[in-house]
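Multiple structures are listed underneath, in structure tokens.
Both of the next two complexes hold subunit A, though its partner changes from subunit B to subunit C.
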Partner chain A sequence: MSDIVAIDRFENVQIGAAIGPEPMFLSKEQSRRYARACGLDAPRFTDDEGARKEGLPGMIIPGNMSLGLLTKLVTDWIGQSGARIVRIGTTYRVLVQPDHTISLQGFVTHTYPEERACEIDLWIENEDGERMVTGTATVQFPK
Partner chain B sequence: MPTILDLHSHSEASEDSRAPVEAYLNWIKLRRQQLPLDGIVLTEHRQWNGGADYRALEDKYGIMVLKAAEVETDYGHVLVFGVNDDITARFDFANVRLPAQELIDEVARMGGLAVPCHPGRPNVGLVEHYERKPALENVVAVERLNGGSRKGENERSAELIARFGYKATGGSDSHLVSLIGLCATRFEAAIRSIDDLVRELKGGHYEPVDFRPRRPEVRRAEPVEASSHRG
Partner chain C sequence: MVDYDPTLIGKVFEITEPVLVTPEMIREFCEALGETNPLYTDAEAAKNGPYGGIIAPPSFAVTFRNGRHFFQNIPRFGRAGFDAGKDVEFVAPLRPGDKVTLNSSVKEIYEKTGRSGTMVFVVVRSTLKNQRGEVVAHIDHRFMHRT
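Presenting the complex of A and B:
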């Protein structure tokens, strides 16, 4: 269940508004299920020992899962407004490992009133406040 | 009159940033209480964005926009302040293995200053290179506070500065609008131009300043076997 407060219409979008933070515990089992559902059944995503054999510190979550989590942060914020994500992109800076509490966060950074669109910064933080995955999204609201 | 500048930032001119310069300035204007910056320095990756003209935006927002560059050397990443035609003719900024010692000496001779950045970062920072190679000569300042650093990196930078007696700067290394200005440098003197900045970096008094908000302690999750938070 998300605690994100949804936006209702473009006129209420404000530059500087925070989306989140949304803390969540990411389990190994969630990571395995996601990887298998996506056909990414590689040891690095499903098994600590297998991941270590690949030189990793342990299981990591698939990059697409990070992208999916950040996308869900935005769609939770969009709510029932009828807006849609027209672009989203991420940069992977630090390996995201399951069995940790992560925090999803965003900020509205820019608006385009003529297009009824806005730009959002996004990131996933670990317990130390390190931004492991960063990104931006463009959201467009209905006319 | 003191001047506070974010000495390290990337706009959409860098391939890994989507931040428009105007969005940076608007963000600072909206958060002036938390971010009391007088200006930012754009340090685009591996290029000199000399043709970009931000004077209209400076006037609109009342915030100074200066230009520099972040280049890659055999001792890690280095910010180059005071870029001019002589420097761009002498060095190919797109070269990811620029000779750091030559860069430092030649940039200074040609009127600029080269400042190694995020020295505590693995692979691309000075600390790791100093473990394998002789220390660079004629380094005036290095970046002490970098807003993009992982845990321990800024601390390693501080140890390096204490050991070698370098001057210390700060910069956000922002690639996202909402991260601009979180680390910066406070100069004792007034700075109005890139020439002022280079002069003060070489001989003035300054210190890094940290505007990152305090974040609440996040409780570490239990291993999944012992956790009740199963997905």
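Presenting the complex of A and C:
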């Protein structure tokens, strides 16, 4: 279950409001499960040895999984407000490896009262506070 | 400046065969992400929700894969490219029973020089449509090549 405090309506969205942090231990099994669910059979997503043969330090999680986790952070925050995520963009800066604790985070950077929309900065951090994946999202609330 | 054939830009190079979205695909995807939102996981609750039934989580849209000729059609620069990021515009929800096709074209090619050297980015735009021809999502894949 997510511990994210959900927003109830646009009027309560404040610039600077934090979303998360949502810490999670990313296991190899979860990474494999995501890869299987998406039909990704490249060894780099499923086993360390195969990943090393590709010149990687070990298994990595698919970039799409990072995007999925950040999207989930936003939809957890949207909760039952009726809002929807209309856009998300991600940049994969550093390889994300399973068997580590990561932290999903974000904060509101802009609000657009006329459109009842807001813009959010997002990122995935490792144990050293390094931002491995960064992104932005746009959320539209009901009019 | 990066050198490429300008007629590549905007040309649709691939349209995939339709892929049927099944409840099992959505369930497995939700389990893999730890998704418990009833909109995506609980058919009974979703029936009374804003979409009248289960929909897929938004990021399910990026799981549709381009066809086997995809990488043959992307221009390559230097060493093999890798996934540098994505921009996704969610237009309409995906539901069980939808049949999804992707059409893909090269949207943009540009060069960037950073501390680690020069990189060429190839942006491929995939548009997802359902069986009624309605756009479900636009996905811009950014592939980065080190020259």
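Everything below uses one rule, namely that the second predicted complex is superposed on the first by the 143 of 143 C-alpha atoms of A that agree within 3 Å, B and C clash if a C-alpha of one lies under 4 Å from a C-alpha of the other, contacts with A are read in each partner's own complex, and residues count from 1 in each chain.
Rule of thumb we're sticking to: a residue touches a chain if its C-beta (ideal position, glycine included) is under 8 Å from a C-beta of that chain, and two chains touch if they have at least 3 such contacts.
Predicted model only: the values in this text are computed from it and were never measured.
**Student:** In the superposed arrangement, does A:110 touch subunit B (first), subunit C (second), both or neither?
**Tutor:** first
**Student:** In the overlaid three-chain picture, which partner chain does A:92 touch, first (subunit B) or second (subunit C), both, or neither?
**Tutor:** Second partner only.
**Student:** Regarding the shared-chain residue A:121, is it in contact with subunit B (first), subunit C (second), both, or neither?
**Tutor:** The answer is first: A:121 touches subunit B but not subunit C.
**Student:** Does the superposition put A:75 against subunit B (first), subunit C (second), both, or neither?
**Tutor:** Touch partner of A:75: subunit C, not subunit B.
**Student:** May I ask you to decide whether A:101 touches subunit B, subunit C, both, or neither, giving the answer as first, second, both or neither?
**Tutor:** So A:101 only meets subunit B here.
**Student:** Who does A:67 touch here: subunit B (first), subunit C (second), both, or neither?
**Tutor:** A:67: touches subunit C, not subunit B.
**Student:** Now for A:130: first (subunit B), second (subunit C), both, or neither, which partner does it touch?
**Tutor:** first
**Student:** Thinking of the overlay built on chain A, is A:22 touched by subunit B (first), by subunit C (second), by both, or by neither?
**Tutor:** neither
**Student:** So which bits of subunit A does subunit B touch that subunit C touches too?
**Tutor:** Shared contact residues on subunit A (touching subunit B in one complex, subunit C in the other): 30, 33, 89, 91.
**Student:** Okay, in this complex, where on subunit A does subunit B touch?
**Tutor:** By the definition above, subunit A touches subunit B via 15-16, 23, 25-30, 33, 89, 91, 94, 98-101, 103, 107, 109-110, 119, 121, 123, 127-131, 134, 136.
**Student:** Which residues of subunit B touch subunit A in their complex?
**Tutor:** Subunit B residues touching subunit A: 16, 18-20, 23, 26-27, 30-31, 148, 150-151, 175-179, 215, 218-221, 223-224, 227, 229-231.
**Student:** Under the stated contact criterion, what part of subunit A meets subunit C in this complex?
**Tutor:** Against subunit C, subunit A makes touches at 1-2, 24, 30, 33-34, 36-39, 63-65, 67-69, 71-72, 75-76, 82, 84-92, 135.
**Student:** If you look only at subunit C, which of its residues touch subunit A in the complex?
**Tutor:** 25, 28-29, 31-37, 50, 57-59, 62-63, 65, 83-90, 142
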